[in-house]
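For reference, chains read A, B, C and D in written order, and residue numbers begin at 1 within each chain.
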Amino acid sequence: MIVFVMAIVLFLIGLYGVLVKRNVFKILIALSIIEYSVNLLFALIGYRRGGTVPILTEGTKAGTFFVDPIPQALVLTAIVIGLGTTALLAAVAVRLYEKYDTYDVRKIRKLRG
Amino acid sequence: MKGMTLIVKCISQLMAPSIFLLGVYVVLHGHLTPGGGFAGGVLIAGSFVLLILAFGSDEVRSQILNWNATAFESVGLFVFWFLAFWGLIRGTYYFTNVITKVNPGLPYHLFSAGIIPLCNLAIGIEVAAALFSIFICLAILKVGDRI
Amino acid sequence: MNWLPLFVAVPLGIAFLTPVLAKLWKGFPDIVGNLATGFLCLLSLWYLRFGQTTSVYYVGGWEPLNGMPLGICMVLDGLTVLMLLVVNVIGFLSTLYSISYMEHYTDKGKYYTLFLLMTTGLNGIVISGDLFNIFVFFEITAISSYALVAFGVEAEELEASFKYQVLGGLASSFILLGIALFYHLTGTLNLADASKVLTGKSASPVLYFIGVLFFIGFGLKGAFMPFHAWLPDAHPSAPAPISAMLSGVMIKVLGVYAMCRVFFNVIGMTPVILTTLMVLGTVSMVLGVFLAVGQWDLKRLLAYHSISQMGYIVLGIGLGTPLGILGGLFHLMNHTVFKSLLFLNAGSLEFATGTRNLKRMGGLKDKMPITHFTTLIASFSIAGLPPFNGFWSKLLIVMACIQAGHPVYAVWAILGSLLTLASFMKVMRYAFGGEGKTVWEHVREVPSWMCLAMIVLVVLSTTMGLLLIPSLKAAVLDPAVRVLSDGLSYAANVLGG
Amino acid sequence: MLTILILLLVLMILGAIVALESKDLLSGVISLGICGFALTIVFLLVQAPDLAIVQIIVETLTLVILIAAILKTTHEDTTEAFGLRKLLVWGLGLVSIAVFLAVSIHVFSHLPKFGYPVLRIAQVYLDQGLPLTGAANIVAAIILDFRGYDTLGEATVLFTSVAGTVAVLRHIGRKRP
């Protein structure tokens, strides 16, 4: 159970970063950390004590048992989705720097409250 | 972006083709060993990125701008889309693995699992092109370049 | 029934081809984009006849094995049919409008690609019966809308898009965390199967925790009141047809639909959640309209009204009675129509005059007669004046409040409606009334494609009250209401049929 | 194995804290890399080689892209300032984080323990995956056959993101009359 809680701790560190940090790139890093933590939690959920990789070979014995393959398939999807969001966010961050000449969120404020 | 020293250039010249080949291998054997279209595609993109980082982008800028990575991406994804649509054309369900129904192939061999290797190939092309375009967009392009 | 995947496959295929076609000839994106959305619009009308019963489509032909759903399944029931209609009709009218409107922007090919991807995502969410699949389509919709909000690449638009991306990314993470725990609890991702697994168990703290995570995630996506910070920036910054899609369709599919599906059909509604929904709905309804009254940027004013009108929908659904759900869903349809119309009108004003500031407009009544007429109808409709559609759904919600024994909420709903009327009288007064300013001498009515889209929406908002006629109501609204009011029979319907 | 796992998780947490608190964006991104590469090894430990391969390459490319973006702009973080408002934010943040953590510990005590997942559909995949699809790699069988529709969506997300990146990086968005 301790490993699950540590994944949640990682999630909360990322959450803290998103809510408190005032730098565009720091917020990007914080969102990446959140994403890692969720992927981590998902992968941990699929682990089975003593299980092996869910890939069959011709010599696989009848008695071997495998870890849960579904979380692996889902995390694979989640990693690629995370890459997509990070890339778009980085593109917007670069454009923001070009327009405002700063990464400080408090100075990027042309829209009213 | 400037290139790096001679040592880096030599090493990456040797490394890039092998990384590329590894990528192709991972794509083609995705249904038998760990890996698949995504992992292999990212490896293929990585081999190009390595070359550009080592040799600098100044020499290849004009080629990069003409060579349209996004078109490759569209084609790869369209093939994948068509493989999914194939089942619907054949009168069965969307995304049906139509090949295994006719010719299941030998398990544990390259030609097995029906459309799975074909999907892997299509995804490999798409992912390689997509990541390469993200890289050139964010790292190389200057203000005013069009892709 | 067998053509259900077309809702996803057609826009997806066209979206992949559009970048290539746009290189060949500049006119292609307009033609294929409109053909695709027009086809989807017709298909969704045709699918109205399948809404009476629940039917299941097994993607990949993976039919259940010993009662275990192997693959992903698509589910078609009354609620799905209703949402498909909403998404695709507004999608088609928005693309029609875009033909002329997007001439003011560069790179139309990219615009249509992203628009079609957004439509794909929305359709995919609505027809899916699998939790993780819903998440994937959430992300397609979200990422394309992030890019579309920043499509003008001005400083303000990039800022709005950034804010939207951060909160949207946070929402996605909450939803994914919820899905992870949900999978750990039930061992399945299929909604119906999960519902079946959960019926055997008593309500554990785990389920509450998952519920809270989903609530935060969907609430952020749907901009309910404590989570609304991104909406007044993001919706006005997008091009007008995209604002219409975002405000008219997206917050409803991502917020209301997803929440209804998960809470009513899978986890099961509890009085706590219903009360929370009602309170949040009322707070959104009243505060949204108070914030809207003070705005001078026309699109920003409309965005605050979206928050307020979402409050009505959530209040209606949160009542939990069949009449309340009927009112909520009907208001969802009506709000889609008139809010899209209002955003398109705001876009027309911006197209013709180049400004969104109400103080700078004035006297446009004679210059832009069609836009004036359509804005007038839409304002009456959103303020709830009879006989336009907004009146009927607000009436139903107020009646449902009184019937369920919550007259206080009814009072707030009526108050909100009055304030809405006041705020739209201000819009009409400042934008169209008054002396004709000399600056606007050269202003002309907008091109005909834009007028056509607006007029179709006017016709819809005038006639949609007819949906309450019993025979039409039985065909369109009743099946959707049944899906929510008989919540937990979803599992039996999907797995049995 | 559990000890190594916990050590790696501690490393990830430390990497995350350093990434957020460093004054220099470049070192922040590199610390994020520590977090990502540690995650790769965690994936290997929990018997997920597919994930490990994808994660290590994606991580490398992400780092390259982020570092290139930082080098194009600036790598100084000048946003730190201490004030009353910040103390308030800190206080509220710490309280809510503590509450969230306490609740999640309580929740995890009601869920299946680490190493003993509920296998419902997964068992069917493991038993029937090879005969039904012909793929020896069950993960590949799931992502491309049983749940191939998801993978189409995932590839579409990447396509969307590239289209969006290209759209956002256009130099001129609106035509000036």
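As a convention for this text, a residue touches a chain if its C-beta (ideal position, glycine included) is under 8 Å from a C-beta of that chain, and two chains touch if they have at least 3 such contacts.
Quick caveat: nothing in here was measured; it's all calculated off a predicted structure.
S.K.: What are the mutual neighbours of chain B and chain D in this structure?
M.R.: In this structure, the chains that contact chain D and also chain B are A, C.
S.K.: Taking each chain's centre as the mean of its CA atoms, how far is chain B from chain C in angstrom?
M.R.: Averaging C-alpha atoms per chain gives centres 36 Å apart.
S.K.: Taking each chain's centre as its mean C-alpha position, how far apart are chain C and chain D in Å?
M.R.: Their C-alpha centroids are separated by 29 Å.
S.K.: Find the geometric centre of each of chain A and chain B from their Cα atoms only, then give the gap between the two centres in Å, rounded to an integer.
M.R.: 23
S.K.: Quick one: which residues in chain C touch 2 or more of the other chains?
M.R.: 12, 16, 19, 59-60, 132, 136, 139, 143, 146-147, 150, 153, 158, 161, 184, 189
S.K.: In chain A, what residues contact two or more other chains?
M.R.: 14-15, 45, 53, 55-57, 70, 74, 76-77, 80-81, 83-85, 87-88, 90-95
S.K.: Mark out which residues of chain B touch at least two other chains, giving numbers and ranges.
M.R.: 32-34, 38, 70, 74, 77, 81, 84, 94-95, 97, 108, 127, 131, 134, 137-138, 143
S.K.: How would one label the connectivity among the chains shown: line, ring, star, complete, or other?
M.R.: The chain contacts form a complete graph, every chain touching every other.
S.K.: Could you list, by residue number, the parts of chain B that touch chain C in their complex?
M.R.: 70-71, 74-75, 77-78, 81, 84-85, 87-88, 92-97
S.K.: Flag every residue of chain D that touches chain B in the complex, lowest number first.
M.R.: Chain D residues touching chain B: 49-50, 52-54, 57-58, 60-61, 64-65, 68-69, 72, 130, 133-137, 139-141, 143-145, 148-149, 151-152, 155-156, 158-159, 161-163, 165-166, 169-171.
S.K.: Quick one: which bits of chain A touch chain B in the complex? Just the residue numbers, please.
M.R.: For chain A paired with chain B, touching residues are 53, 55-58, 76, 80, 83, 87, 90-91, 94, 98.
S.K.: Sort out for me which residues of chain C touch chain B in the complex.
M.R.: Chain C residues touching chain B: 5, 9, 12-13, 16-17, 19-20, 23, 57-61.
S.K.: Going by the contact rule set out above, which residues of chain A touch chain C in the complex?
M.R.: Those residues of chain A that touch chain C are 11, 14-15, 18, 24, 27, 31, 34-35, 38, 41-42, 45, 70-71, 74, 77-78, 81, 84-85, 88-89, 92-93, 95-96, 99-100, 108-111.
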